[in-house]
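We just call them A, B, C and D in the order they show up, numbering each chain from 1.
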Amino acid sequence: MSCSCHADPLVPVVAVVDNIRRDTADIKTFQVKKPEGGLPFIFKPGQCAMLSVPPLGEAIFSITSSPTQQEFLEFSIKNVGKVTDCLHQIEVGTEIGIRGPYGNNFPVEALRGKDLLFIGGGIGLAPLRSVINYALDNRSDYGKIDIVYGARSPEDFVHRNDLYQNWVEQADTDVHITVDREFEGWNGHVGFVPQYIEELNFSSDKTVLVCGPPIMIKFVLEVLEKLGFDQKQIYTTLELKMKCGIGKCGRCNIGDKYVCKDGPVFRCDELGKLPDEY
Amino acid sequence: MKKIAKDQLALLWEKIDQNYQLFLPIAKEKAVNFSTWKEGAEVDLDALRTVNSPKNIIFPQTETYLTFKKEGKKLGLEVVSRDEEYVVFGVRPCDVASFKLLDNVFLGEPVDKFYEENRQKGLIISQACLNPEETCFCNAFAINPESAPVGADVATWDLGDLLLWEAQSEKGKAFTEALSDLLEDVSEDDRKKLDEVKAGIKDKLEDLPLVHVAPEKIEGGLKEIFASEVWDELYQRCLGCGMCTYVCPTCHCYDLKDYNGNGCGERFRCWDSCMFSDFTMMAHGNPRTTQKERVRQRFMHKLVYYPNNYESYACVGCGRCTERCPVRLDIVKVIKKLGGERNEL
Amino acid sequence: MEKIKEEIRQIAREALTGKKVDIILAWEKGPLWYDSYPAFFTKEEEVDSLTWDSFCINNLSKYLLEETMADKKVGVFVKGCDALAFNQMMQDNRIRRDNVVVYGLPCPGMIDPDKVRAKRLNRGLTEVKQSGDELIFVTKDGEITVPAHEVYYDKCLYCHYPNPVVYDQLIGEKVAAETALDRSERFSQVEALEALSAEERFAYWDSQFSKCMRCFACRNVCPACSCERCTFDDDDLDILGKAREDSEDQFFHLIRAYHVVGRCIDCGECSRVCPQDIPLEKLNRKLIKDINALYGEYQAGLDPSTKAPLVTYQLEDADSFTAGEKGGKGT
Amino acid sequence: MSVIANNAAVKNAQAFEPLIVAFCCNWCSYAGADLAGTSRLNYPANIKIIRVPCSCRVNANFVLRAFQRGADGVIIAGCHPGDCHYMTGNYYTRRRFSLLKNLLAYVGIEEARFKVDWISASEGNKFADVMNGVLEKVHKLGPNRKLRDSRWRR
């Protein structure tokens, strides 16, 4: 057997789940590293990885930790299907398979010197968090950072520590949090994310990174347009069914692009060239 | 150029079989498919097209590539080693052309090493089509059925009781050399006969009912064709089976699945079909909810998306879908409906 | 059939212009001689391409599933076997009768293109005309006349119901219901297999099933396979694996056949569409034969108000396992 | 791999031990099994009993899946016709599995590998007899390879 087959992009390597944190009732954040310690691979903010839990198969997740975190990868995973359900049941120390990184990334180099506006909804904060932490770890490279985050209820917030502590404490960084409707004991902002963006009336010279449920993205884009943002200033991520991660299996094909390879990050003007099938 | 009498072919198979896994068009229970040769196998070199295309050899319908074993929290993964070297005999020029289209996908970055290895281990022997049938339209994709196609290591022509043989690649030459005791040199007469047969092909092609298919006549950009009203009508009769995608030599969508074999198991790659309702089904919904979107995806991919990426159509005009689709929703009808037809030749 | 074709077109036009229906389900002709396929007509002017010839094999009842779900009025043309399918789908509550106008077409039989090719009649063939019990193949080099039964589908030769058993309007004259072959003979191939040893039978079916590509054409074309979501399609259930593995092929075919027990109208569409020529009718007919033997003669699709054999029972039913082949009485 | 390979080697070295899967109705044959046990009637340990609420809960998938995953024989045991806890369940069982039994035989599965029978809660003897009968016949036939998934490790 030639050793070249080990390099096949479809073959995972073994990694170990080092720490598991429960964020919400159905979201957990997993820290994953090589059995001997360290990252299984080098990646950039916005990229994804395929996690395997044999014999149930694989699923792709965005890496929520920043590349500046050298000890482990983090994945925030919502329990929605067979693979995620299995992941939610495993204990610390369990070995899983991992392969990656896949897809393109947020253009962290090109964004240097710019004011950044992150807009996240629900679990959609996961890929953004990678960039946010990257930017904060290289704070002097970037301008003002605004983070708008919304969830259905206060119980549905992911990465609470970041939202309430780590990010707020940073210089020139504002976190704006909202929930969909009134809740007892909730004194913060109430309303959907798009409305909140409109209320906050951001100046249109910022670069925007959006991720969340498709319906939220749709309305956020409308509001941003109203506020005078150019499509070229807005980046978002797409999510389609993916299997191979290398742009061949055809599942995430949309137009002449493959989300797993040419995405998941798209600038909105490029997204406009694709058929509306996502 | 070499030749071999057709009644000597069994000796040839036997000889090749000693060193290679040999795939031939073999009839089994009424269906002709490429399968491994065994003595007594019913080889059918006259079958114009096999049911399953030879795609099944270079990109098998099911291919196990990983085994795993779980013990407590431990996970063991092992890559499955590949098969021996093989020879495929009797690949038609359209099917040879399809290999290049699959190569574009699988050998593009990041390279699919399993596929690459499969390709490297294979030797392709083509067989020219001297009697194309009514469902053939390879000429629409500039494929010459009588030719020695690019991508074949050896090209052959069936002249009734003779098979003419020409090595094309270095690999093909070495292979031919190793079979020299069974192959003899052709005579001037044989060459002449071949030239005559080849010359006669053009008329036969022009006589075919689907000769006017011309995908390059399709007008409009990606989004225009996508939004065309044609799809509203075309998809209606589609039953949503996956036959067209499975018999198609250029369809390459696949799935990766695990088999749970009681504590240990394996992961395999298998063909999948964009015609199936669950193809794009995710936990939070399905972006292609009706058969219309699925049918559109398949043909947009073949006629627009793939050409945008690789500058050729993802169809070779083999006629399998034309012959097999239960409701005759084949690519010819789609191309024509989109305006891909020429009036004169 | 030419005359009937004109009549069909007229009916279709009138139904559409009179807003009697929103859609007409019929057939259209493609570029090849055998190329008649299902078509959906919504406008009067489209009806000119409607066809009716000896290649209209597709059963249009299958499409009623989707269409009536969308709450549309549908006019559908049915042959004898399609009418059985229609009734079967009615029995399964898969069609809303109020939404459908059924136009019955007595069927002389349909031509099997494979039989035409086997006779090498397809070279330069442009048209096939019907003349009584004979068919005239019009080729570029002249006309060839062939007895119709030589090129009809096998299933047509056994067909006992060429005249639709259900319709709102019948078009043309009824045809004679005598079958070209003895109807009981349709089980002869089943009997031939039954006579073999277990090893021989397994070898036979193994080599048949192992050709299967799992394209699901047999399922999707079947009027009895009318579940909204097939259990095989649910990835998470993992009832049927996706691998080409003999046991998965066997599993699929046995369950498919078993799932249509008592509802299979024996239209043979599954075998017709199988790209690998797996004789699925030999599985279906085995089950039909056993139903007939154990629970009395039954033809699915004949009467939608009856119950299919597997959703009912008789106290005195025989079984095949307690005392020999058919013995055993219920208490 | 070595663990599995060793197990297989050990198994091969021993005499053939058939694996029989028996789907038993909760209201009769499952109790029949109990009775057989408490009456110290011998029935072999390599019969794996799966309790079902009624014999008609078993569907054809279950039977085929058992064969796929290593069973050498499959038994369905329900209440005698007329005695169903749910009034009519086993009448359906009777029709369904009469046909399935014939179908399995038709595709070449030896008839002795699939057995349906009626065993009441009081028929501990019959339970043991039926189980032993199937076991004996299957033992004679040898290991089942038909319908077995080649990837399954027993």
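As a working rule, contacts are C-beta pairs under 8 Å (C-beta built on N, C-alpha and C of every residue); 3 or more make two chains touch, one makes a residue touch a chain.
Just so you know, these numbers come straight off a predicted model, no measurement behind them.
The chain pair with more C-beta contacts between its two chains, of C-D and B-D, is C-D. A comparison of C-alpha centroids places B closest to the centre of the full protein. Rounded to whole angstrom units, the spacing between the C-alpha centres of chain C and chain D is 36.
Separation between the centroids of chain B and chain D, computed from CA atoms only, is 45 Å. Taking the mean of the C-alpha atoms as each chain's centre, chain A and chain B sit 39 Å apart.
Averaging Cα coordinates per chain places chain A and chain D 51 Å apart.
For chain A, residues that reach two or more other chains under the stated contact definition are 81. In chain C, the residues that touch at least two other chains are 243, 245. In chain B, the residues that reach two or more other chains under the touch definition are 255, 257, 259, 261, 265, 272, 281. Note for the complex: chain D touches chain C at residues 60-61, 64-65, 68, 80-83, 88, 91-92, 94-111, 115-118, 146-151. Chain B makes touch with chain C in their complex at residues 28-31, 33, 51-52, 60-62, 134-135, 207, 209-210, 233, 236-237, 239-243, 245-247, 255, 257, 259, 268, 270, 272-273, 276-278, 281, 322, 324, 326-329, 332-333, 336. Only residues 1-2, 4-14, 52, 54-58, 80-81, 84, 91, 93-97, 213, 239-241, 243-244, 246-251, 253, 255-256, 273, 275, 277-278 of chain A touch chain B when the two sit together in their complex. Note for the complex: chain B touches chain D at residues 67, 69, 78, 259, 261-266. Contact residues of chain C toward chain B in the complex are 30-33, 35-40, 58, 62-63, 122, 124, 207-208, 211, 213-217, 219-221, 229, 233-235, 241-245, 269, 272-273, 275-278.
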